[in-house]
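In this document, chain identifiers A, B, C and D correspond to the written order of the chains, with residue numbering beginning at 1 in each.
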Amino acid sequence: MSEPKPPAETSPLKEMLHEVIFEADTTVGRWFDLIVMAAIVASVLAVCLESVRSIREAYGEELHVLEWVITIMFTVEYAVRLFAVRRPWRYVWSFYGVIDLMALLPTYLSLVFAGTQSLLVVRAFRLLRIFRILKLTQYIGEARLLKAALLASSRKITVFLGVVLTCVLIAGAMMYLIEGEENGFTSIPRSIYWAIVTMTTVGYGDIAPHTVLGQFVASIVMILGYGVIAVPTGIVTVAMSDAFKKSTNTQACPACGAGNHADDARFCKYCGDKL
Amino acid sequence: MSEPKPPAETSPLKEMLHEVIFEADTTVGRWFDLIVMAAIVASVLAVCLESVRSIREAYGEELHVLEWVITIMFTVEYAVRLFAVRRPWRYVWSFYGVIDLMALLPTYLSLVFAGTQSLLVVRAFRLLRIFRILKLTQYIGEARLLKAALLASSRKITVFLGVVLTCVLIAGAMMYLIEGEENGFTSIPRSIYWAIVTMTTVGYGDIAPHTVLGQFVASIVMILGYGVIAVPTGIVTVAMSDAFKKSTNTQACPACGAGNHADDARFCKYCGDKL
Amino acid sequence: MSEPKPPAETSPLKEMLHEVIFEADTTVGRWFDLIVMAAIVASVLAVCLESVRSIREAYGEELHVLEWVITIMFTVEYAVRLFAVRRPWRYVWSFYGVIDLMALLPTYLSLVFAGTQSLLVVRAFRLLRIFRILKLTQYIGEARLLKAALLASSRKITVFLGVVLTCVLIAGAMMYLIEGEENGFTSIPRSIYWAIVTMTTVGYGDIAPHTVLGQFVASIVMILGYGVIAVPTGIVTVAMSDAFKKSTNTQACPACGAGNHADDARFCKYCGDKL
Amino acid sequence: MSEPKPPAETSPLKEMLHEVIFEADTTVGRWFDLIVMAAIVASVLAVCLESVRSIREAYGEELHVLEWVITIMFTVEYAVRLFAVRRPWRYVWSFYGVIDLMALLPTYLSLVFAGTQSLLVVRAFRLLRIFRILKLTQYIGEARLLKAALLASSRKITVFLGVVLTCVLIAGAMMYLIEGEENGFTSIPRSIYWAIVTMTTVGYGDIAPHTVLGQFVASIVMILGYGVIAVPTGIVTVAMSDAFKKSTNTQACPACGAGNHADDARFCKYCGDKL
């Protein structure tokens, strides 16, 4: 996979295109972003609406045209990106490069495999392109903090998920034995599905305990699920509180330049100098 | 839209009316507020009860009379407000001015469009008038803090909502493919509706997965929805913690400049100097 | 309501009985508490089991005997309390005095109104007696803190409840108009009931939207209910954090004896003396 | 129950086996752990899949063979552990020793009681063996903190659970009286089951109120359950915040004695002295 085009001196056209496509701080760049975003939303809406039988029958033709207009737009965009970017291969194999390609392929492939429905999922990936717009600077800081807080508590959340899955497995096996096949608990996997539905407090009611003992066990699972939600909430709240606190105090030490001081700090905790 | 009546020197009558209507710190003003509030509650209750067939058939006449009594009360109140206020046009186009007008119009319009049911919604706006009573000073501080905390975390909540909507869209599209029309997932919008019902842990059970793969995906959506609620909770808790902390005390020590004192502090907790 | 028996010099018998009944720090007093508690649990269980038809038919006689044994026990206890307490009238009209009386009356009244079922509720009040056992000192501190935290945030919770009720009222009225009587939304009160079921994420599914617009509004109500739970959680968490923080630092100022200092306080915030 | 083999000087074989089985910090030890873990997951999956009728009919033979392979593996492991450990009796009666034995017995017992299904539950205990892998050092710290936070708030949670159970009992008794047997509330225990389903916001819908008064009481139970979840969340969040804070740093400044320093602090933030 050798890079076919080494980063030569960039032409002015390339530079201009790069600015329009990859940066959001010029007027043209912002308009470009908004148009791409509108096209993404339109195409996602089209996919959704096309799945409704009555709309498909009435406006199938129009949606088909819209589909192709947007696909050609995205194809042009993809080609221009490929041209404007310095290292095309790196872009092609990057996260957004793959998504960009996946936004084009389904429509073209539909010519080959006419009438295939299973490409619908792939089209849904177009929505992932919408996240690009999040590059708007002001949102990045927030998202980064949220992500940092979740990462910081990922081990605790893993332990928590392990506990939940164990509870759900044991509760499912117990209910399979207690309720049995005649009450809808036809297998352990199905009982585990019921336990998840119950413990997460979703409660469809498609499977529900009928015996007294089953209702007793179900009650315990419910109260467990009701109370246990406090654990991840506590974990995430504490992690966020820490992550935000770190980011709020922006005071830097005049002596060593270190930041990240506590709110009530009077001396730099790294060099001991007065703040 | 020139102001027809410039703020002339206010007459004593106007001043008195202004005090009664707009201020809650005189006895008459408080009584006025309580009567308006009772009328609002009565009219909302009347709208609700009138929608019950058996009550409508038995007490339709009485409810109709009550409706007109309250409407005339509100009309008089609106006219007096219009007279007492300094800049009538500003009031007419203000938030509460529009609501006050909307509380009158439906009943009058019902004379024109006799038997129209769709004005019921507009009548529900009368309930918004009930918030006026929140002007009682002690509640304002609390509501303002809540609002400040929500505003401070609005960007984070927007990012969070975007993530939830993306999850729901992808889960909906997947379930449409997996379960198909024969299991109730007749279109992607309907599948998205199911995904929202599931992820928010509401779980009506009107649409529920029947295939093993569908139940597996549903389980993931449930656990996601169950755990993800921790994120907005964490965001709002941290924002409130900050908002309340800030509001509790902004006093700084005159000797050492340290802040973050308790509400009942009389001496600086760091240097012992009088605050 | 003059007090018939003024607090005379207490007899040794009275004093001993007072110690056994009202205090939990002697061996006899603790045994007395445990026996009363067991009788309460037994009587509550008996009420529950008696409502099951098959058990009532098989063990009705035994439950009837148990009922009378416990009632006579409670009658004796009530009489002894009335005798041992200094101001009997004050006890009779106190919270626990009323509950103690309500634990006796239903059984006696059942002789008069034979076969009355509606006294069952009153019997449930016996459960309130179980809280007495919470007088065990170690639990009081915790319950008091919880209560203090809830009281401190009661105004914020009132504002929050007002917002929820307004949302539920407007959503209910909208759904009544959108879905109409043919889809189960037969009246506004019933639609409000649906809105509460949905917004609290309970989701029975006995009433569910069938129109596309109705499902859209329902989705908004769900997401609102899903996210809005963060608000009371934030309020209570912050209030608890404050309530517990205040209680954790038990340091008292050596000069003025005042407590309730911050963790990082070095000088008393009331008198400025070194801690 | 005398110990048959007193801790003699350990043979090199014993020592080597001990290292492989009980320690995860050598390559062989880590591989041993991974293989045991895979066997546990495989056996749990086999138990689940065997309960599905279609799979049992198609692959019953293969699952039976797998069952015996894993059981023999676990038997060998158990025997080796018994040989390698210093105090075999202590291991046999320890928590993990009992679980290890319970992971073997069901399969052997199934030879005696052929076709018994009720041993399935016991097999589920195999899952508890999966927690052993949590011995991996990095996870222990997290789990210990979570456990400490939950233990620290156990009394508050007990008080909270007591309040919830009382609410559920009173609501159940009320609904039994209001709705009665004709609406599915056939007994108080069943009504309590409904109240738990409702208050925990699970909401199956298998039992739902039909009378207006019943729906009103149900609405109150729902709003109560919706809001009350804030209480354990608040409790656990505060407890975790404290537990994590305590664990981060217990260092005190040698000059001024102030604590509460950040993890990366090298100088006291109050007096600027070296920590």
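As a convention for this text, a contact is a pair of C-beta atoms (placed from the backbone, for glycine too) under 8 Å apart; a residue touches a chain by one contact, two chains touch by 3 or more.
Source: prediction; values computed, not measured.
Visitor: Would you identify the chain whose Cα-based centre sits farthest away from the centre of chain B?
Guide: Centre of mass proxy via C-alpha means gives D as farthest from chain B.
Visitor: Going by residue numbers, if over half of the contact pairs line up, that's a repeat, so tell me which of B-D, A-D or A-C repeats B-C.
Guide: Among B-D, A-D or A-C, the interface that shares over half of its contact pairs with B-C is A-D.
Visitor: So which one's got more C-beta contacts, C-D or B-D?
Guide: Taking the two pairs in turn, the one with more contacts turns out to be C-D.
Visitor: Examine where the copies chain A and chain B touch and state whether the two sides share over half of their residue numbers (same) or under half (different).
Guide: Different; most numbers are used by only one of chain A and chain B.
Visitor: Take the average of all CA coordinates in chain A, do the same for chain B, and state the distance between these two points in whole angstrom.
Guide: Each chain reduced to its C-alpha mean, chain A and chain B end up 30 Å apart.
Visitor: Taking the mean of the C-alpha atoms as each chain's centre, how many Å separate chain C from chain D?
Guide: 30
Visitor: Would you kindly tell me how far, in whole Å, the mean C-alpha position of chain D lies from that of chain B?
Guide: Chain B and chain D have C-alpha centres separated by 42 Å.
Visitor: Tell me, which residues of chain C touch at least two other chains?
Guide: 189, 192, 201-205, 225, 229, 233, 235, 237, 241, 264, 266
Visitor: In the complex of these two chains, what residues of chain B are touching chain D?
Guide: 201-205, 233, 237, 270
Visitor: Using the touch definition up top, name the residues of chain D that touch chain C in the complex.
Guide: For chain D paired with chain C, touching residues are 155-156, 158-160, 162, 166, 169-170, 173-174, 176-177, 186-189, 192, 198, 201-205, 208, 212, 215-216, 218-219, 222-223, 225-227, 229-231, 233-235, 237-238, 241-242, 258, 260, 270.
Visitor: Would you tell me which residues of chain B are touching chain C in their complex?
Guide: 44, 47-49, 51-53, 117-118, 120-121, 123-124, 127-128, 130-131, 134, 138-139, 142-143, 145-146, 149-150, 157, 161, 164, 189-190, 192-193, 196-197, 199-206, 225, 229, 232-233, 235-237, 239-241, 244, 261-262, 264-274
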